[in-house]
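Pasting the structures here.
Both complexes shown next keep subunit A, but they swap its partner, so subunit B is in the first and subunit C is in the second.
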Partner chain A sequence: MNAGGFAGLHPLVCFIYYAGVILLGLMLAHPVYQLASLALLTALLLLQRQGRTLARSLPYYLLVGGLFAIVNPLLSHRGRHILFYMMDQPITLEAVLYGAMMMMTILAVLLMFVSYRVVMTTDKFMYLFSAVLPQTALHAWMTLRFIPLFARRFRQIELIQRSRGIDMRTGSPVRRLKNGALLLRILMTWSLEDAMRTGDSMKARGYGTAKRTAYYPYRMDRRDRATLAALCALLLLSLAGWREGWGLLTLFPRMEPIRLGTLEWIHFALTATFVGMPILFETKERYRWKSSRRSA
Partner chain B sequence: MDKRRRAILIAVIIMAAGLAVASAIWDGHYLLLSAVAMTLAMTPLFVRFERRRLEPREIAMLAALAAVAALGRIAFAPLPSFKPTSFVVIVAALVFGSEAGFIVGAVAALASNLFLGQGPWTPWQMFAWGMVGASAGWLRHTRFMKSRIGMCAFGLVWGFLFGWIMNVWSLLSLPDAFGWELVLLTYAQSFYFDLAHAVANVLFLGFFGLSWVRLLDRIRKKYGLLESRSVRR
Partner chain C sequence: MEIVAAQRLTFRYPGAARPALAEVDLSVRKGEFVVLCGAPGSGKTTLLRHFKRELAPVGELSGCVRYDGSPLADLPDGRAAEEIGFVFQHPESQIVMDTVWHELAFAMENRGYPQVVMRQRLAELSSFFGLEPLMQRSVHELSGGQTQLVNLASVLLLQPRLLLPDEPTSQLDPVAAREFVYLLRRLNEEFGVTVVASEHRLDDILPLADRLVVMADGRIRHDGAPGEVCRRIWAAGDVRERLYVPSVARLLAALDEERHDAPGTAGSAAASSAPLPLTVREAVASIDRLAKDRTRTSGERSEGLPKTTDGGTNGQSIFASPESLRQPASNGVSQLRSLLRLKTGQDAEAPREVLTCRELYYRFERDLPDVLRRLSLQVREGELLAVLGGNGAGKSTLLQLMAGLRKPQRGKIAVAPGRKLGYLAQNPMLYFSSDTVREEFARTAEYAGYRGGAAETEIAHWSDAFGLGELADRHPHDLSGGQQQKLALALALLPRPDILCIDEPTKGLDPDAKEAFAALLLQLREEGMTIVMVTHDAEFAARHADRCALLYDGEIAAAAEPPLFFGGNYFYTTTVNRAVRHRYPNAVTAEEVLCRWTNDAARS
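Let's look at the complex of A and B:
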C-alpha cells in the first residue's frame, strides 16, 4: 500500500471514522462542538492537500448551508429573545441559532465528504461493500467496468452514425433527441449481446460453483486494530455523553447558556479527539517526510 | 399477494413509519432518523436480490442495463436533470420485473456517483431510482403501463416524485420552520429540475418506450433471462 497517512489505514477503520463523524454531526447540536468539528475537518482537508478543492466548492457549500440559516428565522418564530421585527414577524435569537447550527451540520457533512472522496477510493468502498452484499457488489463492479467501456463504444457509434447523418449535435431539438435515443439504442443492443458473452465466459470459468474470492491488499494489522479500538471507544463515550444531554444546546422552552460545564468540557475533548484522529496520522506522515529529508 | 409486492410494500411502510416516528418522538433528530429509515427500507430489497441465485448472464445483463442508465447520466451531464436514466430504469423494470428494476436503479445511482462524486445524496438517489424501478416493475402487467399514455403519465409523476424524495431531507432539517411556506419554498426551488426530469421522462418514454420494451423483451425471450424460477439459496 502506497497511500500514507490516514488513507494508509485499513478501509474498515476509515469507514468507521467517517460514519462516526456523520453520526456525531447529525446528533450533536451545540455551536462550540460544531465550530470545533468544522475547524478540525478543515485542518484535515488542508493536510490532505485538498485546499484547492475546498476553495472551489466552498462558495456552493456556503450557499446551500446559508439558505438554511436564513430560511429558519424567517419561517420559525419560536423562542423568547426577540432580536427585531421584520415585516411584522419577530426574528428570534433561538431561531437564528438553530438555523446557524443546521448550517454547520450541513457544512460538516459536506466537508467530511470531501475528505471521504480522497481516502475511501472506489476499491476500498467496494471491498467493504462486497463483504456485506457480495452479489450486489459484483453487479456494481461490473457496472463500474462497463461505464468507461460503453462510453468509448458510444463515441464509436456516434462517429459511425454521423457519416449516415445521424447526429446528436445538429438539427432541431426533437431531431437531436431522436438521434440521441437511437445511438443509445444501438449501444444497448450491442452491449446486451456482449454481456451475454461475458456471462458465458464467466460461467465457463466456473462462476457460481464455489464462493467467489478476490484479492485485496488490505490487512488488519496491529496499528489498525489499535486505532479501531480507540475510535470505537471515543465514539461510544461521545454517544454516552450525548444521552446525558452534553453536546446539545437546549433552545426550548428556555435557552441554556452556551458555555460548557466541567464534565461537558471532558466530553467535548473526547468528541474533538475522535473528529481530529486522522490529523494525528497526517501530521505524523508530514513530520516523517520532513525529518527523512533532513537526514538525507 | 406475491413476495415481490410484499417486499416493496414493506419497504414503503418502513420508510413511512420511520418518518412518522422521527417526527413524533425523537424531537430534533429528523435528519438522522430519516437516513436510518431509508436505509432500513432498502435493506429487504437488497437482501432479496442477494438471496436470489442468478446466472452469470443475468448479472452481466443487469450490469449492462445499469451501466447504460448510469452512462446516460454522465453523458448528459451538461443538461441538468434532462437525462435518460429514469427512462432506462423504467424500461428495464417493465421487462424484467420490480426486483431487477430496483437493483438496476440503485446500482446505476451508486456507480454513476462513483464517477460524479459521492456525497450525502448518494443513498437518497439510490433509494429514489431503486423505487422508480421497483414501482414500474410492480405495475408492469397492468394495461395502464402497456399503453404509451400510461407510461408517459408514470414518467411524469416520477419526474416530480424523484425530486420530492430528494427534498425530504431539507424539509426535515428545519422542523420549527415547517409549514406550507417552507414546503412551497423547497418545492419551488427544485421545480425547474423536477420539471426537466419529468419532461425528459415523458419524451423518452413517449417516443421510445414501447420500442425499447419490445427490444428488451426479445432479448429476454431469446436468452431466457430472469424467468421466474423457484430455485433459491
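Let's look at the complex of A and C:
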C-alpha cells in the first residue's frame, strides 16, 4: 500500500488517466502521436520498475502487433504509392502505414495495461465501483474472494485425501475423474456449510438493515484535485482537437503529409502532456528520495 | 438495572423430542460479565442466539426475551444490529471481505454510516486493538487469534451495549485464547459493555467473570459467583459436571476433601463452604493455608507423643516432601539436567523406535524461510508422544512430513518395516464427502482395499468402538464437533494403521468429549498402537502423554516425560503445576499433587 509516485494518487485520478489513455490510443491515429505515446508509456513503465516485466512480455506483444503490421498490407491493396509487387500483388505504402498504426495502437493499449495492473489494484478498482453501486460491488467482492479461498481449500483437501488413497494424479483416467469429482464434492459441502456461517455473520452485523455506504480508505487531497482537473482539461482539449481532425492521418483516398501543422503541434503537445503526466510524479518521487539521501 | 432477560423461555427445534430450552429465567444486569457453560446440547448457544434477534433459531417458542426494558421483538432493526453484538465460534467463516480494513468496515457500511464517522471509529478502535500494522493485510494471512480479534473489532465498531461471544476461543490456541478473554474483560471494565459469553474452557475466563451460569438439558442448573458455583458443582458430585471446574479449583476442592476424610479433622468443616479459588495466586494462598492447618492439627495430635525431631514445630519443613527438600525448586535447572541425563542413559534399553526423523529440513517454497531445520525426533513403539509448540512453529508440517503427506527437502524419515501410518487432520470437514456416515465408512473401506465381508466387519468394529452406530444415517456435517472428530478418527483407523499421527485432536472439544477422547486413545494404545499427537493443550498432554516434545525454531528444543518436561517450564506448563511448583516442582496434574499430598499427610 505504501505506494509513492503516480500510484499514490487517488484511484479516481489514476482511473481517469488510464481511461483517457485507452480512449486516445484508440481514437488518435497518427504515427507521430503514436510513437510519442509508446515512448512515454515505456518511460513510465521503466520508472515504475517494470522493466523486467516489460522485457519478458514484449516479444509476445510484438508478435501480436507485428501480425497486424504484416497481414494488413498483404490483404489490403488500396492506396496510390505502390512500393513493390509480391506474388503479383501490389504492396502499397498506405496499407503498410495503416498496418503499422494498428500495431502501435495495440502496443500502446498493452503497455498501458502493464502499468494499469501495477497502479490500479483490485482494491482500488472495487472501491471506485462500490462508490457507484455499493450493493453490487459487495457481491462482486464476495465472489472474487471465493476464487483464492476455494483454491486454498482444494489444496488442503487434496493433501489430506491423497493420504487416504484418493488422488487425482495417479490411476486410470476414469479413476482420476472419479477421484477429482469426489474432491470437488468435499470442497462444495464444506464451502456451503461455511457459507451458511458467513451468512449468519453478515446478518449479525446488520446486513440489509440500511442503505449500504462504502468506506473509502482513500481521500482526495489538493494534489489529487489539481491533477484531476489538469488531466480532465487536457483530455477534453485533446478530444476537441480530434474532432477538428488533428491527430488523425488521412490515408484514403489521398494520403496527407505526415508533417504536423502549427495548431496540430499544440494539440500534439497537449496530448503528450496528458499521456506523460504520470512520469512527472514518478520522476518527482525518485528525485525526492535521491535528494533526501544526499542531504542526510 | 437489567439489560437483557429471558422470561420463562421455552424453545423446541422443529422435530426435536425434547425442548432445547425449558422455562429459562435469566436476567443480566448492565455491565455484568456472565459466562454461560454447559455440555453441547445443554442449550447455551440456543439461549445466546435468542438474545440476538437476527440469529434466533426457528422453532416452537414460548416466554419472551426482554432487552432494555421492552420486548426484544419490538426493538427497531437498526438498534438491534448495533446494540447487540455477536461473535461466533469459527474465526474464518465469519469473514466476509478479504482485507482487514474492509472486514472491519463491513458492519459500519451495512448500517450506512457516513464516511466521517466510519473513519473516526476505525481509527480509534484499530489503535485500541493494535490492529494498525494489519490493516492492509489479507485476512487469510492472519492467525486464528488475529482473525478472531478482527471479528470482535468489526462488531465493536457499531458500539454495542451487549456483547454475545459464542465459544469465541474454542478454535484458538491457549495463548491467543487468554489474550482474547482478557480483551473481553477490558471491554467490559473500560467501556461498560455487558458481556454474556458461552464457553467450555473455563480456566482462563472464570477468574475474570462476575457470574457463572451452568446449563444442562435446557435448564439453568447453577447461577452465581464463579467460585461459589464451582464449590456447589463440586459438592453436588456429578462427575461430568465436575470436569468443567477449572483445574486449580478442582485441585483445591480435592485437597480440601482429602483433609476432611483424614481422621481428626472433622471439626473444621466450615472452610469448605468458602468459594473455590480460581487463579493461581488464590490457589497458592489456599494451599499454604491448608498446609498450615494440617501442621496444626497434626501438631495437636502429636502433642501427647514424644517429639522425634525439633523440626516438627516448623510447618514448612514438615510439609515439604523429602524429594523437594533434597532438590529445592531454586535448583530446578540442575536437577532437571541430571534427570535428563539419567533418562538419556536409559534410552539404550528403551523400547525400539518405530519412526525416526533424522535432520529434517523443510520449507514450503524456495524463497520462504525454513519451517523445520535439522529436526531430529524418535518415536518409540507403543508410546503417546505429544508435540507442543507455539503458533506457526511448524507442528502440523512436521506431522504431515511424518505421515508422508509431504517430502522433506533434506533429511530422512525412517519407518520401521511393516508399519502402516495413519493421519488425522485438524479439520474433520476435509474428510466428509458422503451424505451419511454409513456411506462415508463404505467409501473409506473401499479405498482402504477391504473387500466384501472384511469391510463389513471392520466398519462394524470401528463404529461400535466409537459409538457411531446410531448415527449411521445422519449427515456427517450435522454431527456435533465431538462426533465429527470421532468419525474422522474412525475413518483414519479403518485401514488399521500401526502409527497414528493426529493434529490438534482436542481443539474445540468440551471437557466431557475430551475425556472420552482420552479414553479412546488409551484403548488404541492397549491394542498396540503408537500415537504422535500435535497439540496446544498442555493439560491434556500432561495427563495422557508418555512423552512431550517442544518444537521451537524449527527443531525439537526439548523432549521428556511430562513431569520433567512441564516441571522445567515456567510458562508452557499446566495451571496446577504453576500453583504447586514451589512444593512439588514435578507435579503437573491434580492427581499427582493429591497423591503426594496424601503421602505427606501420612508421613506427618
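Here is the rule we go by: the second predicted complex is superposed on the first by the 284 of 296 C-alpha atoms of A that agree within 3 Å, B and C clash if a C-alpha of one lies under 4 Å from a C-alpha of the other, contacts with A are read in each partner's own complex, and residues count from 1 in each chain.
Heads up, the rule we're going with is that a contact is a pair of C-beta atoms (placed from the backbone, for glycine too) under 8 Å apart; a residue touches a chain by one contact, two chains touch by 3 or more.
Quick caveat, the model's predicted, so the values are computed rather than measured.
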| item | value |
| --- | --- |
| Partner chain in contact with A:Ala29 - subunit B first, subunit C second, else both or neither | first |
| Partner chain in contact with A:Thr189 - subunit B first, subunit C second, else both or neither | both |
| Which of subunit B and subunit C A:Tyr207 touches, first, second, both or neither | both |
| Partner chain in contact with A:Leu177 - subunit B first, subunit C second, else both or neither | first |
| Which of subunit B and subunit C A:Met102 touches, first, second, both or neither | first |
| Contacts of A:Ala240 with subunit B and subunit C, given as first, second, both or neither | neither |
| Partner chain in contact with A:Gln156 - subunit B first, subunit C second, else both or neither | second |
| Dominant toucher of subunit A (residue count), subunit B or subunit C | B |
| Touching partner for A:Ala131 - first (subunit B), second (subunit C), both, neither | neither |
| First, second, both or neither for A:Ala19, with subunit B first and subunit C second | neither |
| Interface residues of subunit A shared between complexes with subunit B and subunit C | 134, 142, 144, 149, 185, 189, 193-194, 198, 200, 202-203, 207-208 |
| Subunit A-touching residues of subunit C, taken from the complex the two chains share | 52, 54-55, 77-78, 80-82, 85-86, 88, 90, 92-99, 101-102, 105-115, 118-119, 122, 136, 140, 151, 154-155, 158, 400, 403-406, 423, 425, 427, 429-433, 444, 447-448, 477, 491 |
| Residues on subunit B engaged by subunit A in the complex (per definition of touch) | 28-29, 31-32, 35, 46, 49-50, 52-68, 70-72, 74-75, 84, 88, 103, 107-108, 110-112, 114-115, 117-120, 170, 173-174, 176-177, 179, 181-182, 185, 203-204, 207-208, 211-212, 215-216, 219, 223 |
| Residue ranges of subunit A in contact with subunit B within the complex | 22-23, 26-27, 29, 68, 71-72, 74-76, 78, 95, 98-99, 102, 105-106, 109-110, 113, 116-117, 120, 122, 125, 133-136, 138-140, 142-144, 146-147, 149-151, 154, 177-178, 180-181, 184-185, 187-189, 191-196, 198-200, 202-203, 207-208 |
| Subunit A to subunit C touching residues, read off their complex | 1, 123, 134, 141-142, 144-145, 148-149, 152, 156-157, 159-166, 182, 185-186, 189-190, 193-194, 197-198, 200-217 |
